[in-house]
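Shared between the two complexes below is chain A, which pairs with chain B and chain C, respectively.
After this line comes the complex of A and B, so read on.
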């Protein structure tokens, strides 16, 4: 079983490079190849599910960083299998859909499928995680891969803004979640979800009494910030509609079926752990149902088809969050039904929107119309899915709504406001939902066909219809014969989260309260539609003070603007002007250290036993010291950048002598090579400066005050460094760290070169991270250096000349600018 | 005043290129027991390529190297990471190293890790020198292939490509 589970998660991850390669080779046909990956994962997860009537919980643990209590620990139970199935099955449908959607008009197909599979792998990892920290790692991976997917069409401003917004919002809130997870782990002593559920949580609460309730509540609220941001709940709801800049298959997959469900999933996951906290119900109920209503209203006021669907997703997610919030602490019921119902109709509708966009060239509800004559099959699919969204009888949405109203009527909370608030909000939101479902179908498929749509129209490929048709079929089948889904719900129910184990869904319950309510909602919705009409809605819009995304973008744009302002206030034209600041800081920080250790400095006259005057006056050392001193003097007296640099380099080379003297050949070699590399790098860099800059520096002799200032700075810096060296050299450590490595080098690391054994063995992790950072820093430097802009004069002057010679500016204006200073 | 590069310098540099590389591999291999190691070896090999680019020009050097240095560095990182992660397959912790001795010669997995470091260091040294040196020789910062690799269309290098390559003018002042 371990192997099957790991294969289901790792295969999509390992397929990433292969898919990039396939995309480079086969272009748009790479999608058909990519289809193999989610199919395999689906089959593997299906295999895990098979054979069990009531799901027993299975945990797989592989040690990862045992010293920190972090394990690659996966859990296979009803909840993880359900979400695993949703993720992989939607993965299949979306890949199938994308392989026709992303035709040859798009570029980088390989990269698209690679990102998609990376996302799928992170989602699967997330839902199967048993360790909270592992869950967080996968959680962040979904954020990163969704950033790449939203920004896939990166030459569009919308895409870049949307991707940035999603990353910052969910990533920033993810940090809050990490803080919450760590807090919880520190308080209870474990990151394992199973251990937490089986008593670690209650035990730590019992041990520490009521005072710890506060800490646990803080941890819980922090974790909820992360989860709610991921699920686009108020006040983080703004990122989801902006993420719609992604290609439609991405929206169908990430922003309706899977990623935004992660927050809901997380809430379900920690339900058995955290539902007993007092903050649970008020927090989730208020945010969830408020978001539900807001989302529904925004969906009604949006005109972009994808915007409508995005806000309706926000609304539905709000319902799910609130649903878990108002469930009593013993467990929720039928939550998986609500999730599945939403996946079916919303995934389907997103795919439909993609086809409409493709065929008609517009997604604006105000411009569309009359497409039923051209796309009859699509119209039927949309009608089914929209009916499910509105909750009409015969669809899965109806079943879901019936049971959710029933749950609300059945479970009364002791606080009155927690009863009437959800009920009112749900009823109003459902009413609005009916409204925008009607509007979506009516404005897209019926009414007159506008001429510009007619002109642009071209028939979409039949392949694209398969996935939405399957989803719409599910909406209808499970709506008409809901008992078909009951065995699955029974099998997948999880101890501690789910209430009932004997579920039998029925389409008809008699004339119950919920049926009357449902009828009322539909009737009122239809009446309100007749009252409002399409025209009035077309003129409406979301009020600007509720457009958090605009505020967010303004904030993001303000950061570089403020940085620019600060820079322009503090910057100096001459690098020299920074020198006193830098050296002054060093002087103050090091100087204070010396003052603290001043007593020891006074003892220096006695010196430690190994300081001998004869050693200080060793002829060889003194000679090298003399050479260093001469080189340093040359740096100060020479007047050309190049020669100054060479003199400075000489100092560096001469210092290697001391490394050799103290038997550190590794250091000596490193010093020589680094010195050479730095010298060449800086020479190259200087050659990119205008030649006149060097001339200018030479000709503007420093004024007397400036010279005195320079001398003062230099003397102070020199004294500080000397004093610092003395202090460091004379301070006694209890046990030098080096001794351990020297002793252990041969027995533990089997190498006689202690420097190398430290690098590759004792501190191997450090080295690995260092080279990683090096590579990242290089890529960053590349980004800056390749954008170097040459002035027109420079371009005319041709190549810049050999290193160190500088660029020659031929124009008179340039020369004047540099020499007349 | 168009001066070609010094003939003597070019020849000596090409000769030294091979010698330095030989020495750098020697340093890499002996690293675990004697002065040397991946970092020093890599830096040496990187410097040999820098020397070559000074002798025959950056473009020629890139032809000799053939691969994009960043790819070299990425490969190195991959080697180091995989060699560290491999012991996890049979249950040992991350970064477990193994050593054996065959007839007085010590062999061990630290060498594989060191090879990774070696490649990373070569890659980044050469990459940084190349990107600085190319404009000096009047070339665009990136080769056309690299431009497609690193920069999307919105982030084209601002450096205006110079239409025809002008003969490198090593004499200075023109």
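After this line comes the complex of A and C, so read on.
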């Protein structure tokens, strides 16, 4: 079983590079090849389902980072199998659909299918994860592949904006979720979902008493922020409609059927763990049902077909979130029915919209119309799916709505506001849903056929109809014979999440409350449609203060503007201006510390009473010091680069004298060698500069005030370093770390030179890193030399020598330019 | 011993920082060399007064040895400083090739060009 499960998740991931290759080779036909991947995953997951007699839970654990409690731990139970089936089956249908949708007008087919399969793999990984951290990793991977897919048509501005918005919103909220997961893990000591459910949670609550409830609630709320953002719940609802810039197969797959359900899935996953928290019901019910109503109203006020579907998805997800919130701690029931019903009709409708867009060249409800004459088969499919969305009898949507109302009536909650509020919101939202379902069908397929649509019309490929037809067929079949899914729901029920009831779905329950309510909703909806009419809705729009996406974009655009303002305020683009400030701050703070605590610091150095400087100074050492001072002064005052460098080399060589005094022969030797190499290298490169560069440089001297300021900064720095070095070096050390190396050098490293053994034995890896730094510097230098684009004059002068070395500067024009300065 | 070292380090730092504050890239380069020499010396001073101590070669001498750790650190620092310096020299050369100047003030004279947002095709 382990192998089958891992294969189902990993095969789509492994197929990614193959699909890129296939796309480069076969273009739009790569979709047919890609179809193999989701089919395989579907078959493997189907095999997992059939393999077990009853749906007992099975956990597969492969150690990964045991010290952090992270394991590649997967769970196979009803919930993961259900979502796994949805993901892989929709994967098959969407890939089939996309292989016709993405025709030769599109580019980069390989990349598209690669992203799609990457997404599918992350999705499968997410739903089968048993470890919360593993789940988070896959969770973020779905976000990244979603970003790539939304931005697939990256030469369009709205694609990029939509992709950015989705990534920032879900990714940012994902960080909150990570914080929640880590907090939960720290409190309970485990990241395993099974362990948490089987007592780790209740145990830690019992151990630590009521005070920990607060921490657990914080962890729960943080995790919910991530989940709600993923499922586009208010106030994060704005990203989903903007994600519709993606190609339609992506919208059908990610943004209606699967990825946006992850939040709902996560809520179901932690239901057995967190439903006992007091915050559970109020949080989820208020946000869920509010989103349900808002989404439905926005859907009615949108004119873009995909916008309508996106907001109706937001609305339906809101219902699912609220539904879990309503369920009492014993468990929920029929949640999978509601999810499946939504997958069927919404996936179908998205595909229909893609076909309409393809055939008519527009998705605007105000411009479309009369397509039923041209696309009769599509009209029937749409009618079935829209009927399911509106909840008409005979479709799966009706069954779902019937049971959802029944649940509302049956589970009359003890809190007063939890009784009437959800029920009212659900009824109003269902009413609006009927309205926009009617509008969708009426404005697209009936009425007069506008002439420009007629002119643009071209018949879509029959292949595209297969996937939506299958989905519409499911809506109808399970709507008419709902008992067909009862055994599946019974098999897939999960311990701790689902109420153990013998489920037998029926289409007819008698004249019950929910049936009357349902009838009322349909009747009122139809009546409201007649009252409002298409024209009035066409003139409406979403009020601008509720357009969070515009606010988000304004915010995102403000960030670079603010950054630019701060940059120009601090002048970070001019090192000469800000370096004195930084250095001045450092040295004034350190220097003032030395001045203020001078007496105590002097005590530390061990110098007492009447000490004289002359006692501390030795003539020979002072002489070398004087020589260095002269050399340094020459470096500063001399004008020619060559002489400056020779003076600089003198400084370096004279320093070896001090190295020797400090009993450091290795240092002295290295210093001599490196100093020689430096001198040669710098002289070699500087000699390639034209003379004019050197003379020209001399002329641009800074203003007098700046020179004085520089001198002041430098003097303060010198004095501070002197005082600092003297105090630190003469103070008593507690126990030098070097003693260890001196003691261990011979016994442990078998070497008598302690400096050498530190470098190659004790700290061997540091030396390796040092070599790496040199290598990086070499590569960087090589890159700088090689990527030089020659000027026209240089190109005319013929081929160059070694990379970058043969550049001719002293053309006549060049010389003139330099002497002009 | 330590007083001279401290003065020397201060000297190198003072002049190094003065050079780094100049506009000429060559002077900034020189300042960098002076600063790294000064920093090495400060670290070396941490091993304390070497009077009466032997070099950290255990085969030679029987008395107490100086602390080998600062020496190992400096050995690494010298080599890495060399790597950095050679990269900076090449960078300077490249800046000269591209901008025809060795002067930081010239390079930053013009305001940074504002990147225009791409127009959708």
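FYI, the second predicted complex is superposed on the first by the 583 of 821 C-alpha atoms of A that agree within 3 Å, B and C clash if a C-alpha of one lies under 4 Å from a C-alpha of the other, contacts with A are read in each partner's own complex, and residues count from 1 in each chain.
Criterion: a contact is a pair of C-beta atoms (placed from the backbone, for glycine too) under 8 Å apart; a residue touches a chain by one contact, two chains touch by 3 or more.
In this text the structure is predicted, and so the values were computed from the model without any measurement.
By the touch criterion stated above, A:761 is placed in contact with chain B alone, chain C being left untouched. With both structures placed on the common chain, the touch criterion links A:655 to chain C but leaves chain B unconnected.
When chain A is checked against chain B and against chain C, the one touching more of its residues turns out to be C.
Residue contacts after overlaying the shared chain place A:674 against chain B and chain C alike. Of the two partner chains placed around the shared chain by superposition, chain B and chain C are both touched by A:785. Once the two complexes are laid over each other on the shared chain, residue contacts for A:685 go to chain B and to chain C alike.
In the superposed model, A:749 lies in contact with chain B only, and not with chain C. Within the superposed three-chain model, A:208 lies out of touch with both chain B and chain C [touch as defined at top].
When both complexes are overlaid on chain A, the residue A:456 reaches neither chain B nor chain C. In the superposition on chain A, contact is made by A:726 with chain C only, not with chain B.
Chain A residues in contact with chain B (one complex) as well as with chain C (other complex) are 155, 665-666, 670, 674, 677, 681, 685, 688, 752-753, 755, 759, 767, 774, 778, 781, 785, 788.
Remark: chain B residues 27, 31-40, 43-44, 46-47, 50, 54, 70, 73-74, 76-77, 80-81, 84, 88, 91, 93-95, 97, 99, 106, 108, 110, 113-114, 116-117, 120-121, 123-125, 127-129, 131-133, 135-138, 141-142, 150-155, 157-160, 162, 166, 168-170, 172-174 touch chain A in the complex. Chain A meets chain B in the complex at residues 62-66, 154-155, 665-666, 669-670, 673-674, 676-677, 680-681, 684-685, 687-688, 749-753, 755-757, 759-761, 764-765, 767-768, 771-772, 774-775, 778-779, 781-783, 785-790, 795, 797-803, 805, 808. Residue ranges on chain C touching chain A, taken from their complex, read 1-15, 17-24, 26, 29-30, 33-34, 37-38, 40-42, 44-50, 53-59, 65-72, 74-76, 78-87, 89-94, 96-98, 100-106, 108, 112, 118, 120-121. Residues 155-157, 573-576, 579-580, 583, 613, 616-618, 621-622, 625, 628-629, 632-633, 635-636, 641, 644-645, 648, 651-652, 655, 658-659, 661-667, 670-671, 674, 677-678, 681-682, 685-686, 688-689, 693, 696-697, 700, 702, 710-711, 713-715, 717-726, 728-730, 733, 736-739, 741-742, 745-746, 752-755, 758-759, 763, 766-767, 770, 773-774, 777-778, 780-781, 784-785, 788, 804, 807, 814, 817 of chain A are the ones that touch chain C when the two sit in their complex.
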